[in-house]
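Two complexes, one shared chain (chain A), two partners (chain B, chain C).
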Partner chain A sequence: MATLQIREALRRAMVEEMRRDDRIFLMGEEVGHYNGAYKVSQGMLEEFGEQRVIDTPISENGFAGLGVGAAMVGLRPIIEFMTWNFSLVAYDQVINSAAKIYQMSGGQYSAPMVFRGPNGTAENLAAQHSTSVDSLYAHFPGLKVVTYCDAADAYGLLKAALRDDGPVCFLESELTYGMKGEVPDEEHIIPLGQAKVRRAGRDLSLITWGKQVFTCEAAAKQLEADGIDVEVVDLRSLRPLDHQTLFASVAKTRRAVVVHEGHLFAGVGAEIVARLQEALFDVLEAPVLRVTSRDVPQPYASNLEKLVNPDAARVVEAVRKSLGR
Partner chain B sequence: MPELFKMPQATPTMEVGTIAKWRKAEGDALKPQDVVAEVETDKAVMEIEVFDSGVLLKILVEAGVEVPAGQPIAILGKSADEDFSALLASLGGAAPAAPAPAKASPAASTPSAAPTPSPEKGVAAPVARAPEGGLRPFTWAGEAVNSAFMELPTYELGLLEAAAGAAEGPGSGRAAPAARRAARALGIDLDAVHGTGPRGRVLRADVEAAQARPAAAPLPPAPAAPKSEAVKNSNMRKTIARRLTAASQEVPAFYLTAVFDCDALVAFREQLKGAGLAVSYNDILIKGCARALVAVPEVNASWGDEAILRHKAVHVGVAVALPDGLITPVIRDADKKGLSTIAGDMKDLAARARDRKLMPDEYTGSTFSISNLGMMGIEQFTAIINPPEAMILAVGGMQREPVVRADGSLGVGWRMRVTLTCDHRVVDGALGARFLAELRKLIEKPALLAA
Partner chain C sequence: MDAATQRGPAQAEAQASPHSAVHTQGGLLPLPTQSSLPAITRDELLGLYRQMALIRRVEELAAKAYTQRKILGFCHLYIGQESVAVGAAVATKGDYWMAAYREHGHAMAKGTSARAVMAELYGRRDGASRGLGGSMHIFDREHDFLGGYGIVGAHVPLAAGVAFAAKYRGEGRVALCYFGDGAAHQGAFFEALCLAQLYKLPAVFICENNFYAMGTPLHRQSALADMSLRADGIGMQRDAFEGFDVELVRERVARAADYARAGNGPVMLEIVTYRHRGHSMSDPAKYRPAGELEQYKEESDPLKITLRRLTEDFGVTEAELEALQAGVEAECEDAVAFAEASPIPDPADLYRYTYAPQQTTMGVGEAAPTFTIPALRAQKEG
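And now, the complex of A and B:
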């Protein structure tokens, strides 16, 4: 069992897959000679050469489109967005081309490819570089949307994404690239669409994903001191959604709070809440609440940023509200 | 492998297509995007292409023959010498039309071997999988393909029962939030309340009913399963089901509601009564509708695919309730009959309808119908069109209401609500409104009926 930084775990997944499948190539800004803006692709140019680790101009719409075309004719591109914020100028390629080409061509073409890069808030990146794009991509049929919290999941889920036959949006986090975790030495693949119960509990289910898993775990610890025992479920994959794990957890605890980084309004949490009340109307003891980023563009100042982002204190407050204690 | 080439659905509304012309002959080589045939659809003549390289092995449908979309029209293969006899035999008698004569020498045009895709380089099978129950894979020709999927609404997932637990009935803990609140407010033990909601859910009304019951009265035992009695459908029930289901599925209906001022109508009927004439409000409505149908002849009509039929005569059907259904006896030429005649006819028809003594020509052939539930205490409702008619009038009860009169003063007046269901294929909104305006004139100024 090796201890790896998340960036190393991601790199290991890409390198292993590129060694076994020469259709896979990596393309994006600074991925080659600069070794990646966040050093995720460090050393990959050296191993695979300029044919397979391709530096692009600052032109997301262009290279995302190139990637879709390459995927349509049989390659399996990894398109790295330096951050998902920049994917917005390539939105048409991801949504209108990658997500839809399989159905629109009557199954003649598909786009087996991975779009990946850091998502959501980091620190002092201000409004235009702090977007959580979860709901923007989870909305569309044809895409899978996957995220992780620790190094082992980062490795196993990216492996699965790279072997998937459709387009996958793989959401990483700038803040946790350096976070270390144990990754099994042997190859392992975590199938997409399987949530993970990170912490078992009986009083309430915290439903979350990405680095907010850590916010929830911190809140769970604080609540534990007061005798409140919450379960933490990491969805890992927003699409496909693992209904069985989600429903089983909330059917057990009868209460839920959804915690995510994206905005409240029409966020992925709204979908989760809708599904919980549809499925578990007779089981729920209280309305399902949400803790999300505040409904403002991300501020630059650190003190304001802290107020906007979900934190353990807000999660604790929501849990107490749900429990009435 | 030889495969069937089917009549494509070339336009969203296309149900059948006619092969206008075969552009390829049996034995001809095909490459992607080759036009094999021209097909005449409901909208245009379209060119039909093939997507893969291969050979046109067999034409199943001759030019000039019309077939439904999806029906095989040819057999395609990868090479000219493929044996398609089994596939042909599998079509059996279903082969839709005489095949064109076989070409004398298909071998003459045998193409070079069709290109086969080069095998993909060493890649393991994809490992992505869908969790059971949560997803429905996209399918193509019945097979799950790619790794695409659809997220379904939860009630289609089949997980709800498992998630929500199995126990039903009192004590199951299933209660709507509104019921819990009501139970708390009224001091009622939810576990003792019999739930009438889905899967035994206690609803607010159940809590209120439990409170209304005398405290000492024992609760009725909760049935293990709802008890049902099968009541065999009469032919009338089946006819109603068939005709009204068809009508509600096929007729693009819209609804126009109007409130009629009936003060003059009430006075008018009192006068008739005073003169010893037994005429009901319904009889007056029949006459009014008949006159309005004459005034707006475009609505006294039926939809036909090629033409709208405008009826020369005005025959008004009136729905009559029977113990196990309903029937609609017809007042023929109602526009030409006086009120007394209509009243007499209606009385006779209704009585014989209840005795099941009507002759077929007495309950068929209406061009318009009235359904009146006013005497049953219904204020307003909508009716389903009785095909092939284009309209039906649903009549609510007359009642006294506070009204604002034309001069702005407040008063009490007789009002009646009617809702006209219109077949939009025949009647547009403004046209239906014109009919109602005409009817309003006659009902609000019933003296005009004598004109």
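And now, the complex of A and C:
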């Protein structure tokens, strides 16, 4: 076992796959000579050269689309968005080109590629740099949407995303790039669409993903002191969604709270709540609740920002409300 | 009428020269003054004429089927512009092509059969895109026709990506991208050209300027009349010319393709053309000035121009032309019959083309199947 920062785990996944498969190239702003805005791609230019680690102008619409075209004829691009906030100027390319090309060409062309970069809130980055794009991409058939919480999952899931034969949106986090975790020395690949039960419990299921896994784990610890035993399920992949693990957990605990960073209105949580009540209405003991970012653009001031983001206290409160104690 | 709308056949001679002036700023190599193509022969020109006639007839029959509600949705016809795609195809048969939504003609010029196009318009299983794409999304992998796209200008970056892949693998192939004057205002178009020039990609960007972005004439959508001037701000080589004469298109596109293929970087072309029909089947095109359409049909119809050349300069006879037209008619009738007889898509296939089936192995320790960069491949093999 090696202890790696998450950025190192992500880099290891890319480097291993690029050594293995020369159809893969990395393209984005500052990925090469600057060694990555968040140093995820540090040293990659040196190893792979300018042919495969390609700096771009600030031109997301252009280079995201360029990636789709290259993927259609057999390459496997990694398109790095400096943050997913900037992907919104390339939204058309991800949705109308990458996600739809396989269907609208009658199966003749596909876009095997990974769009990746940090997503969601960091700290004090204000309205335009704090967006969680989960629901924006999970909405569209044709895309896969994947995220992780720790270094081992970051490595194993990115490996799988790089081998996937269609477009994958891979959501990272600025705040956790430096977080360390153990990653197995041997190669490992985590198939997309497999949720992970991070903590087993019997009283309620916390359904979450990304760095909110840690919020949920902190809440679980607090609740444990009061004899409340919650399960924490990390979905890891929003599309495809691991219904089996999700339903098995909630069928067991009969209660659920969904915790995510995206806004409440039409967020991914709404979809999960809908699916839970459709499948498990008769076993649910209480309405499924949601703890999400509040429905305001992210404010800059720290005190206001803290009010917006989900935190352990709000999760504890929701769990208690569901349990009635 | 101002200058923008007055550009037309009468101005052809006057405008050809400034547009064709070689742009050498920024250290760009000039475009070749002659293409690598041999002089056109009687048979070749006859073949190009037949291809244009076939496209026109397919479009006419598509219009008829549309009014019968056999073809649905949006349907944008290429009538009047046939010389552009047909002329461009001569030097680029083995290259990659990408077009917008007025692409039935491009697909056919690239090699897609009239049958496959018509069946796609009918939404049938034997259509080029299996009935999933329709008029705006004709794809034909066998002929490297990478589609018709419906978001104006958004496919231009994709074409840059195809050119990127061609260069990455050292294929010696070029990506041709067609779009209209309307697309030359989109951010995606500018971004794609900037990237293509920065990376010196083997691409030819072809703006088919037909003077109307849907119902908005050129002078109300652009302060520039010549769309190829966009390339100047990007440092890209460019050319502009009238595209009604298929022989001229053949030669000038070949020069651009030769240039890009040789590794000199991309080229932007503005090819002036004119559509005889409305923007789509639902557009009666009442926004055109009186007499404009009639003038273009009279003086700038690609079929008439080439027909005159064939009869006057190559001695093609009436009998030959009749036989040719009969052949076109038969091919089109066959295409319609084929489309009518083709089954509708199987509802069981509804979800089949949402996600590509996984073929790449997830096996630990396994090597990837291919090496695509020639230098790396050589290293690996040798």
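Definition applied: the second predicted complex is superposed on the first by the 325 of 325 C-alpha atoms of A that agree within 3 Å, B and C clash if a C-alpha of one lies under 4 Å from a C-alpha of the other, contacts with A are read in each partner's own complex, and residues count from 1 in each chain.
Definition applied: contacts are C-beta pairs under 8 Å (C-beta built on N, C-alpha and C of every residue); 3 or more make two chains touch, one makes a residue touch a chain.
All values reported here derive from a predicted model rather than from experimental measurement.
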So, A:96: does it touch chain B (first), chain C (second), both, or neither?
-> second
Which superposed partner A:51 touches (first chain B, second chain C, both, neither) = second
For A:188, is the partner it touches chain B (first), chain C (second), both, or none of the two (neither)?
-> second
First, second, both or neither for A:251, with chain B first and chain C second = first
Applying the touch criterion given at the start, work out whether A:72 contacts chain B, chain C, both or neither, answering first, second, both or neither.
-> second
Who does A:107 touch here: chain B (first), chain C (second), both, or neither?
-> both
With the two complexes superposed on chain A, say which partner A:61 touches: chain B (first), chain C (second), both, or neither.
-> second
Between chain B and chain C, more extensive residue contact with chain A = C
Please work out whether A:149 is in contact with chain B alone, chain C alone, both, or neither, and reply first, second, both or neither.
-> neither
Footprint intersection on chain A (chain B / chain C) at 20-23, 74, 102-103, 106-108, 110, 141-142, 144, 160, 163-166, 189, 191
Contact footprint of chain A on chain B as seen in their complex = 51, 120-124, 126-135, 138, 140, 145-151, 153-155, 157, 159-160, 162-165, 173-176, 199, 201
Which residues of chain A touch chain C in their complex?
-> 20-23, 25, 51, 54, 56-57, 59, 61-75, 77, 89, 92-93, 96-97, 101-110, 112, 141-142, 144, 160, 163-166, 186-189, 191
Which of the residues in chain A end up touching chain B in this complex?
-> 20-23, 74, 102-103, 106-108, 110, 141-142, 144, 160, 163-166, 189, 191-194, 239-244, 247-248, 250-251, 275, 278-283
Where on chain C does chain A make contact in their complex?
-> 96, 98, 127-133, 137, 139-141, 146-147, 149, 151, 154-166, 168-169, 175, 187-188, 190-192, 194-195, 198-199, 352-362, 364-365, 367-368, 370-373, 376-377
